[in-house]
Amino acid sequence: MALSARNRLTGEVTSIETSGPTAEVTVETEGGETAAAVITTDSVDRLGLSEGETVDAVIKATDVMVRNN
Amino acid sequence: MALSARNRLTGEVTSIETSGPTAEVTVETEGGETAAAVITTDSVDRLGLSEGETVDAVIKATDVMVRNN
Amino acid sequence: MALSARNRLTGEVTSIETSGPTAEVTVETEGGETAAAVITTDSVDRLGLSEGETVDAVIKATDVMVRNN
Amino acid sequence: MALSARNRLTGEVTSIETSGPTAEVTVETEGGETAAAVITTDSVDRLGLSEGETVDAVIKATDVMVRNN
Amino acid sequence: MALSARNRLTGEVTSIETSGPTAEVTVETEGGETAAAVITTDSVDRLGLSEGETVDAVIKATDVMVRNN
Amino acid sequence: MALSARNRLTGEVTSIETSGPTAEVTVETEGGETAAAVITTDSVDRLGLSEGETVDAVIKATDVMVRNN
């Protein structure tokens, strides 16, 4: 399956913090980048996410901003 | 200045494709990650973005999804 | 593969309108719902999207609003 | 009143799960589609949302992704 | 009708720049705030938006970031 | 530093409501506009946000909708 959202960061789940309907999942790539995702707790359960697992952080291009100096 | 959006990927602008009010900016990190951003052409001009420049791709945690196998 | 974005509408691509870096894709479900997606032209090409094809429109729960009377 | 966000799914509120500042609202259409929305608890209160009520789930086209096989 | 998206800025449409499927609409409030919206050209047409008209710029709370010094 | 997200509302933090991984921050401008932001609690801590402080509410143009009568 292919998804239109083009940005992917492949890494390991290093933490899952759940509170009511929302959860925060942290993913660290081999290159040392960190991505924090706020997703629903239902999605954490449905995907069976666990720490140490390899996942993709996926981001739509319209949700990316650019900052310079 | 500090921004609440937590996710940042620092890299080099490798392409800027502009078309009317929107533009697509591609950023490549040292570790080999690529981020595509769709921003307004006004922002490309206001920031004076140019290829080869070092920038941050910035993403709000609520805009990050997680995918596994 | 499983994705944290929970909302999916399965339907047929009824139109693809491309203009520079962005494209608008319309999907119609069997039940008569219509979903309009603005994605990058690169994604249209990468997925090889064509009219008449069956696809999923996918939406993150934090991007859904509710309206009542 | 008319809103620029083009995607609407009309259906019945089948559940409201509230936790602190955020709530998850589930809407089911007559055709059997389900939409999950994460909105603020303030909005649940302000709209006076209740289970069984008919509402629209509303989504901006830039927030819709497309997935195929 | 009431919408869960809580943030509204009421002002006058001061410009509409259209290019293919997307358009940029600028709204200025009485208090001097400016809001730029990228919406679909279809929505500009459907709403019959015109310069000088009074509209609301509407934003979901999960799409707002905070920045300090 | 300059950020591509073009919309800014400068104002005072009038409330911070935290619950687990998410928090709601309310900002009021001098002109009387109010902006509600749902951000992560980690960001509230990292920025050291406090009531009475002057901040910017920042919003990407693709996240702004338009509504008229």
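In this document, chain identifiers A, B, C, D, E and F correspond to the written order of the chains, with residue numbering beginning at 1 in each.
What we mean here is this: a residue touches a chain if its C-beta (ideal position, glycine included) is under 8 Å from a C-beta of that chain, and two chains touch if they have at least 3 such contacts.
For clarity, every value in this text was computed on a predicted model and none was experimentally measured.
**Q** Please pick, from A-C, B-C or E-F, the pair whose interface repeats that of D-E, with more than half of the contact pairs identical by residue number.
**A** A-C
**Q** Based only on mean CA positions, could you tell me how far chain B sits from chain D in angstrom?
**A** 29
**Q** CA centre of chain A versus CA centre of chain B: separation in Å?
**A** It comes to 17 Å between the two C-alpha centres.
**Q** What's the distance between the Cα centroids of chain B and chain F, rounded to whole Å?
**A** Each chain's C-alpha centroid was found; their separation is 21 Å.
**Q** For chain D, which residues are shared contacts with two or more other chains?
**A** Those would be 1-6, 19-20, 22, 24, 36-40, 42-43, 47, 58, 60-63, 65-68.
**Q** State which pairs of chains touch, listing all of them.
**A** Contact pairs between chains: A-B, A-C, A-D, A-F, B-C, B-E, B-F, C-D, C-E, D-E, D-F, E-F.
**Q** With touch defined as at the start, can you tell me which chain E residues reach chain C in the complex?
**A** Going by the criterion above, the answer is residues 1-5, 19-22, 40, 42, 60, 62.
**Q** Show me the residue ranges of chain C that touch chain D in the complex, using the header's touch definition.
**A** Residues 3, 5-9, 13, 24-25, 27, 29-39, 43, 47-49, 53-68.
**Q** Within the complex, which stretch of chain A touches chain C?
**A** Going by the criterion above, the answer is residues 1-6, 37-40, 42-44, 46-47, 58, 60-62.
**Q** How about chain D: which of its residues touch chain A in the complex?
**A** Residues 17-20, 22-24, 36, 38, 62-63, 65-69.
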